[in-house]
Each structure stands twice: as C-alpha cells, then as structure tokens.
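In the two assemblies presented below, subunit A is common to both, partnered first by subunit B and then by subunit C.
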Partner chain A sequence: MRRLNYILKRLLQMLPVLLVVTIMTFLMIHLIPGDPARIMAGEKARPDAVEAMRVKLGLNKPLWEQYGIYLKNLLTLDLGTSMKFSRPVVEMIRERLPVTVALTLFSTFLGLLFALPLGYLAGIQKDRMADHAIRISTLIAIAMPSFWVGLLLMILFSVNHRWLPAGGWDNTNLFTEFKCLILPAFTQSLMTAAILIRDMRNSVVDIIRQDYVDFAKSKGLSAGAVRRRHIIRNSMVSTVTLLSMRMAALLGGSVIIETVFALPGIGKLTYDAISARDYTVVQSVVFLFALLVLVVTLLTDILYSFLDPRVEF
Partner chain B sequence: MKKLLALLCALCLLVPAFALAEEDTIVFGGTEPTYLEPNAPAIGGPEIHAVEQINEGLVRMSSDGVTVEPLLATDWTISEDGLTYTFNLVPGVVFSDGTPVKGEDWEWSLYRARDTETSEYRFIAEPIDTVEATDSQVVITLKAPNGAFLAELCSFNMVLGCKAYAESMTEEEYIMNPMGTGAYMLKEWNHGNYVLLEKNPNYRNADQVKTQYIKFQTVEDDNTRLMQLQSGQIDIMGDIPASLMDVVRNSEGLTLETFESTQIRYLLLNTTIEPFSDINVRKALVKGINRDEIAEVVYGEFGGATASVLSAAHTKYINTDLEVVPYDPEGAKADLEAAGYPDGIEFTLYASPNEVYQQIAIMLQSQLAPAGFKVNIVTEDGGTIYEHAQNLELEACMFQWSDDYYDPSEVLGWICDYDQSSAWFTGLNDVELDELQAAALIEQDDEKRVEMYKELQQRVYDNYNVIPLFHNSFAYAYNNSVQGLAVDTFSNYYCENIFKAE
Partner chain C sequence: MKRYHPADETRARKHRLPAWAVTPTFILGVVIVVIALILAIFPAQIAPYDPTEVVITARTKAPSPEHLFGTDNYGRDIFSRVVWGTRIDLSIGFFGVLIPLIVGSIIGLLAAWYGGWLDSLLMRISEIMMAFPFTILVIAIITILGTGTINLFIALWLVGWMSYARLVRAEVLTLKNSEFIEAARVAGFSNARILLRHVLPNVISSSIVFAASDMVMCMLTGASMSFLGLGVQPPTPEWGAILNEGRTYITYASWMTFFPGLVLAITGVGLSLLGDSLTDILRRKGR
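The block that comes next holds the complex of A and B.
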C-alpha cells in the first residue's frame, strides 16, 4: 500500500516537470536562429514560396498561439505532423524506436556482460595486476571516440573480412537485423562497460571491508554464497542507478553511433529534425524522452527496494 | 552463459555474412530523399536522382550537358515571336499503372510546376502563360519571349504526372507516391532506410531496361558509405568528398569517375554596410586573395581558380577575357591605404561548419593578413547564415551555386537581379545590370544573347561584390561490375541502361 501511494505521488510530481519540459523545448527550438520556412522551402526558393511555406506551417502565428496549439494537441495525445516530411510524428517515431530500443538493450546486455565479472574481479584484486590492467583498459575505452572505434571495427569486420555489414539496417528478417546491430552495439557497450566497471570496482572495494562480510565468512558461509548474497548484491545498488541513467541516455539515441552505422534510429531522427528546424518532431521526441527518463528513474527507485530491503518508501 | 555465447558464435559463422547487393538490384548509397515529387518543397540531389528515374518531361538534356534532346516529344517548333512552343508527342505512352497519357495530364503537370505555392523551383516554370494540350500535341505559350525556356523544360520539375492519379489522394500522399512514365516506378519506401524503385513494365522501351530494381540506400556518413562500397553492400556512391577521392581511386575493384561540375564557391561582400560599401575596399580585398592556393588546398587536382561567375558547363556563354586577379598582398595594402584605411580593416566572415568552408575561411584569413585585412571567422550553421545574409546583416559570407540546367540565366539572374536575391545578398542595386539581365533573358538572337551574358559577367567582375573563388569536380564511384551509368555535368543520373555484368 505504501509502495502504491509512493508511486502515485511520484507520478503526480511528473506533471509539472513535463510542463516545464514542453515550455523549455518549445522556447529553445524556436529561439535558436535559422528560419524553418526557408529551410523547408529550399535554398533556391523565391521569397513568395518561402512565405507560402510559412503560412502552411502556421509559423506566421504569434509564438504563444503556436505554443497553445502544441499543448492542446499534446493533451489530446496528438503529436502532430512533421514539418519537413509531412508525415505523422507518431508514425516516424514508431518506425525509428524499435531500432534504438534494440540497440540500447543489446549494448546494455553486452556492457553488463563485460562489466559485472571485470568490475568484481578488479574490486577483489585491488591494486594487483588484474586491477591495474582492467582500470587502464576502462580509461582507454572511455577516451576512444566512438565514431573512430566504429570505423575501425567496420574496416576490420566488414571491409577486410566481410563478416558483418558495414552499417546499414537490413530488415529482411530478425537475424539480418541482429547482424546489423552487433558492431554498433559492441561499440556503444564499450563506454557503458567502462563506466560500470569503474563503479562496480569501487563498490566491491568498499563492501569487502564491511563487517557483515566478515561476519558472513565467520559464520561459515561458503565463499560463493558470500560473494552472491553479500558482495555482489550490495555493490549492485549504485551500479543499477548508473545503468538506468545510462540506458535512459542511450534510449534517446546516439547520434554518432546511428550516423556512423547508418541506422534509422531515434538519435538520427532527432539530429536531422534539429538541423532542419522541424519543430514538431523535436518537441515530440524531446517530450517523449523526458517522460521516458522520468519513468526509468521511478522504476529504478522501485527496484532499489527489491535489491536492498533497507530502502523504504 | 557460455552456451549462449557459443550458440551466437556458431550462428554468426553459419549464415552468410550479409546480403550483398543482388544481381538484379543496383544499390546507390546516399542521403535519404525527403519527398519523391519534383514540385515538393526543398528538392535536392537525393530527390532529383530518384525523381529522374520515375518522371519524364517533353525534352531532356543529353548526357553531353549541352544539347536538348527529345524525350516524350518527338519534335517541336518555336513561333517567330518566341512566344509559342509546339511539341508533337510520342504516341501511345502510358503511365506505369497502364493509364494512357492524355492532354489534360500535360496541362495539369505544367501548371502544377508553375503554381505549386511551396515548390522550390516553381520560378523555372514561371515564364509559362498557358498550356493547351491534346493527346498528340502540347502547345505552350509564354508570357514573354525567353531564350532559356527550352533548357528550362529539361529541368526535373517540368515533368509529366497523372492528373487523375494525383487527384485520387491528398497532396501529402502524392508527394511521397509519385507516378510517371519513366523507366522505373516506386515500389517501396522504407523511411529512414531505403527507397526501392522497380522497373516499369509499361515503359515504352521496357525491353531495353536491364536492371529490375534500383535501391537508394540511406547511408549519410561518407566514410561508412565508402566502406559499404568496398565491402559490396552498395554498388554506387555519389558525392564523394575531395578528401576521399584518392582512397577510392586506390581501392581495388572500384572505379572513380570525376566530372567537371557546375559547382562554384563564392565569397559575398555586403555592399550596404561598412567596410565593403566602398568599392575600393572590395577591389583591394580581391587582390589579397590567392584563389589558386585555395583551390589547390581544398580540392587539389580536382579544383581550380575561376574568374567568371559562370561554370564551365555554360561553354559558349563564358567570358574568357576575364582573368583571375593575381595574388598581390602588397598591392592590396597600398590600395587599402589609398582608399583611406592606412591601419587596415577588420571584418567578420561567416562560415558554416562544413569542412570546405572552414578550410576556405582559414586560408582567406591567412592570405588577407599581410594585405592589411584582419578576418574574424564566425562559424554558424548554414541555415542561420542564410537567414542573416538574406537580411543583409553580414559583412561577408560564403555560399555555393550549382546550376540546374544549361543556360546562364539562372545563376546570373540570381547574382544580378535585385528583386530575386538583393544581388545575392550583397545589396548591390545596380539598375543597369538589372536591365541588361532582363533584356538578355528575352533576347531571341543567340549571338546577341551570348554577348549580353558576357557583358553581364564583366560587370559583376568589376563590381567586386560576388567573388567566385574556385570550381571543382564532382566524383562518384562504383563497383567494377556496374556498367552503363551515365552522369552529366548537372549531376543528372541516367540509369535506364545500367546493369551489373557477371
């Protein structure tokens, strides 16, 4: 019951946050220089064509009226029509979202696959060879720009060996789609893994010195049980927070990864929409992701109570 | 976990790495089109390349880039007063869905080109007064004689669409689902990913079309596109940036083709505000620019300095008497002193983040320094610069121009006509220049017309407001197995004879 109340309270708190998000995105995209009517009409369009475009897009109305229309549409769950592509924004997001979600899940999975064992290993081997090697590797992984890693991987796996596609989204079937995701997901997972490893290591270093770990050992629990029940589980609390934040960021789509690997995802869509001053798309995507971040944060907070029974609402 | 990994690895090895471009499909890699109809807003290369395979006009530019050749017209006559153009049509042409072409389709299409309010290129159809068509003949009457009209009819937006088909749907649907009489028709548009064209079974020369599908794959990053070409995922890559041309040339199995494009980069000086309101300052500035060096650094062997504002594609119209002003920083400094600026001049140059403009800006900065010009470079995105330049708020900025058809009237109209573009954002309101430009457009005597355009180039040259910096080649590359692709100097792709050899 208390948990339910807490969730309801948190959901209500989201409303003002979302309202502020709509105002901020609306103002930001409208106030940056660049005339959308000109961009949509084209560089060689004569002034009368640009004016016709402005009227068609409703950009000749006062700013507050445009905001009112946007808010009204949002309340009726109508995200509007893309200014540039003349297509419903919902449809565009629906086409792009699966790619980004799949990429995010896959790269998070890979990230965890590297991070959990390596982070734990570095923690229990503190200041030994393995720890140093892992820490230096994470530094390198964080420092390498992802577009560069992506290109290198493509040269190796696509151009030299032709094992995997050099980017692109082959939607023939699930397997071809999976193959298209391997390189970008791996590239993206490097950064996730590096961040998680460093966090996990620090948590493990802290936790193995705790009294309850010594106590668990002294009461005769096996090393495996101590590791599972006491060390790993406790060190997961901060790792989960970090992971949720990272996932929320990745769901927003990585412009760089999606551009380098020619993936039709949300990041690329957002980037193109900002460049083209496609107000409706930018506003909708930003709003949706603000909502998503709020939901992910809420879910994380709920997850804490399962990971750590001491957390109460 | 180990089992899962092993399974994944095994799967990866079992299945062929990735779908190589198939034999009956030719894959172009490039930017995704926004719409697929030539009268939609903001049409550029990606849209045109697809549209040209779907829609056809009365005439088209032949692949030499100079001669107008018949397409859906067999022949034509022009009345003596230059106002009436009569085209006889190829008989029996049908649209890709089998509907026969009617006279009303021609009337609807050409009026659509002229009257679609938000069309970027409707100015090309503006000379048209009336269109009267039967099923065998199209008669176009112009508002005033126009020496460029036949060339304008070759443009990608002066094409035939099906009236009944277009009217059976909304405008928004139509601009994404065009239908024409061309060699290919739209099969599928997977937004964000690819546009697939299929051979038109009702095309009048269908037996000559050798390739079943043409696919325009969206791959925007140049490096990725090149790797896809190298790995065989795509067959043809257009718009190769200068920095990658050598890499492509040295890649095994690939052919690099370059051609003299109509693209020129220009420096525009705002004559309505200081310091460039003074023609002597503009003249001094030109002396302080080393165009050869800029062309060499930015495009190497694929570029060259240019003196005329016209591209080489305009052959007979080019004023060959004009010469590139030699680099003379000392002379420029002396001129600047004589103009009343002994301490030199400081000005702001706006450049978009594009690699080419950044390079040009930095070179101008260093070349102009010894001439007494201190150049502050401000980087803003292209759209922003365009807006400010249009409002005549910038001291100096850079833009490019590529021609859409073989006639100098388009670019010279843009540069000279104050009403069109404030003399290309330089604010120079030269009434004589304006009048000469208008007269050249309607001149019927070809020789006189050529002379008038040469005169116009000389005048722009002497005004020092629009300064052509350099021209450059365009490049495209393809897999050696691809044959029969022709590309003209205006970047039109002729795909009806394209095929993949065994």
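The block that comes next holds the complex of A and C.
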C-alpha cells in the first residue's frame, strides 16, 4: 500500500515536468526561423495554400489559444497529420513503436548479460590481468562509433556471409523479426555494457572491502550466497540507476541505429521526418521520446524501491 | 646568464609527473593524441592529395600504396580526407566541451553559492532537459536552427553545460559549510575572492575529469550528427560525413566506411586513455 502511494506520488511529481515538455515541443515549431504556415505548407506552396494551412493549423489564433488546442489534442491522442506521408501521426507511431521498444529492451538485456559477469569478474580480480583486459575492452567499446560498428557487422554477417539480414524488417513471424534485431541490438548493447561494466567493477571493488561482507563470510555463509545476496545485489543498486540513464541514451541512439539498419521504428521515423522537413512528425516524436524517458525513470524508481529497502516512500 | 637557485629545481620537480603516473596506457594515450594533434595542425603537409579534388578516372579504387585508404566514388583520396577531417573532429571534441565546461561550471558555482531562485531555476531546467534523450535534444535543436557545423556546435553547447553545472553545484554544496570557507568568510574576504581562490580550485577537478570522457562523447555525437547529414556538410571532410557518403557503396567499396571509423575509434581510445590517467593523477594528488 505504501509502495502504491509512493508510485502515485512520483506520478504526480512527473506532471509539471511533462507540462513543460509539452510547452517546449509546442514552441519548437514556432522557434524555427520563418513563418510556420509556410514551413508546414512547403517551400513552393502558393500564397493561398499557405493561408489555408494557417487557418487549418489554427496559426491565426493567439499563441496561448494555440497551445491550449495542442494540449487538448495531445490528451485525445490527436497528434495531427503528417505533411509528407498525409497520414495521422498517431497511426504512424503506433506502427513503429513496437520495433523501437523491442530494440531497446533487447539491447538492454544484452548489455546486462555482458555487464554483470564481466563487471563482477573485473572487480574481484582488481589490478590483475582480467581486470586490465576488461578495462581496455570497455575503453575501446566506448570509443567506437555505433554507426561504424553497425556497418562493419553488416559487412561481416550479411554481405560476406549471408547469415543475418542486412537491415530492413521482415515481419513474417517472430523468428524473422528476432533475426532482424540481433545485429542492431548487439551494436547498441556494446556501449551500454561497457559503461555498466565500469560501474559494476567499481561497486564490487568497494563492496568486497565492506565489513558486512566479511561478517557474512565469517558467519559461515557459502561463497555463492555471499556473492548473490551481499555483493551482487548491493552493486546492482547503482547499476540500475545507470541503466535507466542508459535506456534514455539507447532510445536516442535508436535514431542512428535504426537509420543504419533500416529498421522501421521511431528513430528511423525521426530521421525520415527531419529529412523531409515534416515538422508535425518531428514535434510528435520528440514529445514521445520525452514521454518514454519519463516512463523509464518512473519504472527505475519503482525497481529501486524493491532493490534498496532503505529508499523512503 | 641565469644563476642557479635550488628553488628552481624543486619547482621543476613538482611539475614533473611522478613515476607511477607514467603507465603504458598513459604513454599510448599520449602517443595517439599527439599524432592526432599533428594531423590536425599540419594536414596540408601530411595529406598527399587535395581532400576535395575530384578525379573521375580514379573512382572507388581499393587501398594501395598510392592511396593508403583507397578512393571514394568521386575519386577523392580517402586518406587525405581523413587527415583533413582530424582538424574538424578534434575541434568538435575540444570546443564542444570547453565552452560548456566554463559556462556550466560558473552557473553551478553561482547557483550553489547564492542558492535561492537561481538554484531552483537551474534544477528545474536540468529536470526538463533530463527528460529528453541527449541525442534527441541535439537533433531537436539542430532541427530548429538548421543543419551545419556552427549549429552543431551551438546544439552541443546548449545541451552540454548542464552536466558541468550539476557536478560543480553538488561539489560546492558539500564544500560550502566547511571550516576553511567559514574562516575565509570570517576573515572578511569578498564573495568573489572566496569563490575564485578557495571554492573553484577545490571543485574544478571533478569537472575536468568528466570533461576528459565527455570529449570522446562529444566527438562521437558530432560524428553521428554528420553521419545523419545534420552536422558538418559534404564535401567538407569530417569522419562521420565521409562514412555517410561511403554507406551507399558498402558492398563493393567497404574501405570508404572502414577507415574513417577506425581513425575515429583510435582517436577516441587515445583520448579515453589520457582521460583515465588524468583521473588517476588528480585523484591521487587530491589525497
């Protein structure tokens, strides 16, 4: 019950942030130099078409009234119509969101899969060979541009050997979809894994020196139990915080990865919309990304309250 | 002639790096960064060809002694383009971090010291900015301003200052009530003097440590934006932009994408190694 209250409280705290985010995405269109109606109608539009667009978008009304309409539309999930694709933006997002969510979750999963054992190993083996090798690998993983890694993997696995699809999206069944996500998710997971490994290593180094670990050992707990209950669980606390920040970065990085691998997700949509100067779509996806980050932050806070009993509700 | 003075020697020794700091990784980092700096300062002397000269007869040639990294679809020498690109990518990393480091630190310092509305404003702004993924924020700003090198810098500056402001703010808040600051206040020093002489030197090292790793991130973001066609515009040689041009030819001219990315990764590793060593040095000196 107290946890439920806590979640509700966090939800309420998010509202003002969300409101300012809507103001910012609303103003985005107005901050672009030039007449918004002309931008939306296109460079070559005739004057009467521009005027028609102005009336259609309500740009002839005062700014605060326009914002009110924008907010009302957001609440009723009406994100307008795409200028370029002449389709409702909500429909386009609904089609593409699952791809991006699947990609982000898959990348996060892979990142954790690499990070937990390697970070633990590096921490336990501090200043020994394994630690140095892992440290250098993480440095390299962080410095490699994701779009380059993606293209190299594509050359290796799709062009030279035809093991995996060279980008694109095959939605015949779950297995083909999974195959399309392997390379992009692996590419994205590298930097996440590297950052988590470094954090995990430092936490483990700190924690194995703590008195409670010595105590747990001396009271006769098995090495496995000490590792699970005391070392790994405690080093997970800071890793989870970092993970939520990484998930925001992964969502942003989807613009690059989905463009490289031609995956029809929100990231690719962002890229296409910017290239086509389709500002209704750009505005909506920027808002959507902020919304996703806020959701991830909220989920992290909830997860945190399970992991660390000291968190106050 | 300069007369010998024992103090000169101790001063010189003080500025020399201690033996433990000179590790193999530190040396490797220095070597990579020095080479990158030489490429960035003297591209005209090092690049064998004009980076933008189109040679129709030499299109998509594989790497050879003549063209170390091969040629692109316009017959331009990729090695020369990569060499000239060093200047742009290093400046994105360096200036993309320098301005936020200075401006962000000042904002964080003032916000924590004076508190009140300035501090709440900073925290509210950072909360809003944290709600957007970093890349999306940069992309949104570039969408508003338009594409191009200058706008890429402006976007990086507008987004980058916040981390430094938060870092410095947190450090100043813990330092604010310490005894030596109290002593300086009791001694009647002006706010400006306390901030510049006593607070700043004690809080800046964590910002500098962060800046070292931030430089790699900044360079990668700049290259990513140019790769997406939002940053540095072709034909200007920038590593991400060169990679983007090579993407179309990936199946039969993979050197167009391989080499610029490799150089970008090596430079990033060099900067990270140097940054890591710097972190160690500052941490040990701080003790």
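Structure notes:
Here is the rule we go by: the second predicted complex is superposed on the first by the 267 of 313 C-alpha atoms of A that agree within 3 Å, B and C clash if a C-alpha of one lies under 4 Å from a C-alpha of the other, contacts with A are read in each partner's own complex, and residues count from 1 in each chain.
In this section, a residue touches a chain if its C-beta (ideal position, glycine included) is under 8 Å from a C-beta of that chain, and two chains touch if they have at least 3 such contacts.
Remember, it's a predicted structure, so these values are computed and weren't measured experimentally.
Of the two partner chains, both subunit B and subunit C are touched by A:Thr259.
Contacts of A:Lys56 after superposition: subunit B is touched, whereas subunit C is not reached.
In the superposition on chain A, A:Leu151 contacts both subunit B and subunit C. By the document's definition of touching, neither partner reaches A:Leu299: not subunit B, not subunit C.
Look at A:Arg87: by the touch rule set out above, it reaches subunit B but stays clear of subunit C. In the overlay built on the shared chain, the residue A:Ala143 is in contact with subunit C alone; subunit B does not reach it. In the superposition on chain A, contact is made by A:Ala45 with subunit B only, not with subunit C.
When both complexes are overlaid on chain A, the residue A:Ala248 reaches subunit C alone and has no touch with subunit B. Once the two complexes are overlaid on the shared chain, A:Ile69 sits clear of subunit B and of subunit C alike.
Shared contact residues on subunit A (touching subunit B in one structure, subunit C in the other): 33, 151, 154-155, 159, 259-260, 275. Contact residues of subunit A toward subunit B in the complex are 33-35, 38-46, 48-49, 52-53, 56, 84-87, 92, 95-96, 113, 151, 154-155, 158-159, 162-172, 175-176, 179-180, 182, 259-262, 264, 268-269, 275, 277. Partner subunit A is touched in their complex by these residues of subunit C: 25, 124, 127-128, 130-137, 139-140, 143-144, 146, 216, 220, 223-224, 227-230, 240, 243, 247, 250-251, 254, 257-258, 260-262, 264-269, 271-273, 276. Subunit A makes touch with subunit C in their complex at residues 17-18, 20-21, 24, 28, 31-33, 136, 139-140, 142-149, 151-152, 154-155, 159, 248-249, 251-253, 255-256, 259-260, 270-271, 274-275, 279, 282, 286, 289-290, 293-294. By the touch criterion stated above, subunit B contacts subunit A in their complex at residues 1, 11-12, 15, 17-19, 34-35, 41-44, 117-123, 172, 175-176, 190-193, 217-221, 223-225, 227-228, 230-233, 380-381, 383-384, 386-388, 390, 414, 420.
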